[in-house]
């Protein structure tokens, strides 16, 4: 027999109900000989890069999973997302579901999807006297977005893929998204849905001037470079959570990260069912008929 | 005192429940001294151009209202649309609602919206020996659509407004819609929502090649001409209900019709509430959150 | 005989060639008995609300016309936009064109289009101790846009039209555009093209979460109210030129302004020709064929 | 030394200039000891499944390459597309270019991209007495499209991927496209651009009722099944060139074909340059500025 699976409980402790659910789940785990309770950490800033667990339950929304995965840095533990409100793409279980599925967890009846993540760096413009301090390295699970701020103005952003000039965007900004991020900001901006296990990026302009500029999908093994060609500053936003300035001539160089986010997929997991639920596709045809056709 | 309002009952008699509802409503009308029951006609092809009534209840879906208004031709009677299933843009009452609102009807507590309709003619290509027979005049409430059929091929369609050349579309087809039709096919094709009482047309290409071709709104008092420039035949479809061929060089000339469709609006009517219901806008923000942003 | 038309010359004097062109045009005007040269003002901040002229030539781009019309405040003089680079929607003449068209101008062979403008006010949230100072009144010709800044986050914005609740947007922001503004930011965000003389507004969400939220057109005589329902601050941007914060509970109340921008339309003016040129519709079909269909 | 490369010349002989270009190219090939002229066939229906050549020049447009590759069936010869008019995605050389590049061809300085193709079958509805005769097997390079014909009506089409129910589309139709086809009909219908060497399909509804239905990308190793759930007939169109009816309950089962289309890529080939040219991205930013922003 394999040793009992060690299960950590993490989450967004700023929501009061998280503590209750964490406790209930912890008790259910402790009641079983075939699971072992690992660390419980509902804070939001502990370093999780050395978490001692086989699996981490993350209580919160998709944003909590994004934030937690960021804190695990290069040593990610497979995650089960547990949502107390509306289910999400990364948080497909309710606390009750999860408690009912502990048998599957204990028996290791699950597969692990390795979700692609982004590794990017900010390369300050040539000759920037503060270039050294301004250098940035970042990781993301969803996307990196370039947009104008603090003042609104039109951005001009050049895209190169593997060093080849692809396009110069002019407009409100650009989204570079992973497959997981394809159903977030990218979808609102008219981009396509990619399956979570794809090894692709999507590059999608936000409100482009040139009306023929459309979302572009390309392979994840390539290197993507976005350069701010605008005379004024822009900002880069990673996963909607982290933001830093992008001056004229600054470049973002983005690649697939060597480490991915391992997600535990219990039996019955279905990306398309989640999609139908979240996008209202599952309504009966009579229920979402558009007007009088 | 004004004489009692005369109320006709029309509808799509091919649906069995329509007969029951018509009977219940007829009884409720007959029970009141301040309303008088007019003709009941649940057939689908009688000539309604001489209907003796002040108001016509139309039982069915939005398609039934379209079809009925077509049969009233130039002498439309104000319509109350009554839907037995899902409410529509032209059928905003249930039978129960309506019976509860007979007081408002009898007291003439309603306003009438005059919905713009289309009058079009097919002008056969110059020199067509069968031109005379092929001439067509049509009326529509929603839209006229040009598309390829029976064989699929790419259409080239020229648009003139008041004689001025505006654009040549290339693609799957073109929609010319009224405000009422703006929430039908036009909306699916990426077009804007116009308020039902606007005096505007929207012209919207279907899957255009030239990616910068976008929906165009212009005034209802102008004359719109769409010409089939393709070497092969296309078809014109009016309100999704009537279809005829459009040969190379044939033109559709479309204007606002002199007669409009009068719709009875009982107190509390709200276009935007219907829109929220039908397009799922009314969901609480938490309920239609897209994934993990 | 009417007195000679008085022609002022305004423009964006920060571009060096503007001075040369202004001088050439001034000489051509002075050479004619049937025109009289009015003030020449190439500065960018003079008060123009008391400009002594029948017609004002504005040298620059569309942005210069926007800015100049703002400075004319409530006493606009009919404008001829003169562009030295690429023609625009508000700047349809080159300097050469214009000099060749002085006959038309002198003979008053032109019509004047009154372009609808926006009058808006910022209504600070109820109970704001600084509410009085924060009040703002603004005028615009293109649009007012609400967007997140300085930090990026998701906005929740409620729209009321004539006091009726219409929709709650969630996403990157909202654009409220005039017909002239419909071909600017609104077009990039997927909105429709309105003719410049329409009396309509278009309200268009930027990257909406709820994928069924689409551009909405409604009448210009109504009052539009946009409320920031987000917990964090947003900004309002008028014509891409003026920006101010919008705190939680703040509202923008927008109406058609009593005064419009009068644009001189010389014979041969065509909105659709400009549209074809600027959006690349005028290319021969063979030249903008999309790939292999 | 390797033996001289054998070069066949194929093409669309119904265009007169094709014959002249074919002759010029044939002479240039014959003049070289390091190339050998293979068959010349400008007919449009010969069986090409046993073509004796190392490389086939195909003179015509992208449609000619599609048609020719179909005729090569299971034994495709690497193709160089040669276009006499506007360059295409599959026809990136002019005759002059090609003659200048014979050195590269002879020295075998090229790589071969294996473009994914579709293999589909029509599975008639269960119990169809004519099911056996109606069975169809088809191959495609671009796409298979389901649409209403000959009468226009709304389609309801179910999609399964690897047997899992994904979505029911309601609207004008559905496109299932390869990466090469992504820049054709799919792009007009709002779909994303996939790189030609991707191993993915894109499924894209045409004018969907449910406004949240968006283009979906998924892996090429999966099996896609589209079922006509409508009460009336639809048609399937393959590569815009072949069309057959799809009755209620009929299914299209589509997979990546075992054989791909080998395309010769001479040095300097760039998908993105072709994209920029064809979609007008390559214009200088000043040249395709949208109006007055």
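So that you can tell them apart, the chains are marked A, B, C and D in the order they are listed, and the count of residues begins at 1 in each.
To be clear about the criterion, contacts are C-beta pairs under 8 Å (C-beta built on N, C-alpha and C of every residue); 3 or more make two chains touch, one makes a residue touch a chain.
These numbers come from a predicted model, not from an experiment.
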| item | value |
| --- | --- |
| Co-neighbours of subunit B and subunit A - touch as defined | C, D |
| Farthest chain (mean CA position) relative to subunit B | A |
| Chain centre separation (subunit C, subunit D; CA means) in Å | 44 |
| Centre-to-centre distance between subunit C and subunit B (centres being mean Cα positions), rounded to whole Å | 34 |
| CA centroid of subunit B to CA centroid of subunit D, Å | 39 |
| Sites on subunit B at which at least two other chains make contact | 154, 185, 187-188, 190, 209-212, 214, 240, 279-280, 288-290, 293 |
| Overall pattern in which the protein chains touch one another (line/ring/star/complete/other) | complete |
| Residues of subunit A that touch subunit C when the two form their complex | 145, 147, 149-154, 171-172, 185, 187-190, 206-209, 211-212, 235, 237, 240, 243, 279-280 |
| In the complex, subunit D residues that touch subunit A | 154, 156, 161, 164-168, 170, 187, 190-195, 198, 200, 202, 209-219, 270, 272, 275-276, 279-281, 283, 285, 288-290, 293 |
| Complex contacts: residues of subunit C adjacent to subunit D | 61-63, 65-66, 85-86, 88-90, 142, 180, 183-185, 187-188, 210-212, 214, 240, 278-280, 286-293 |
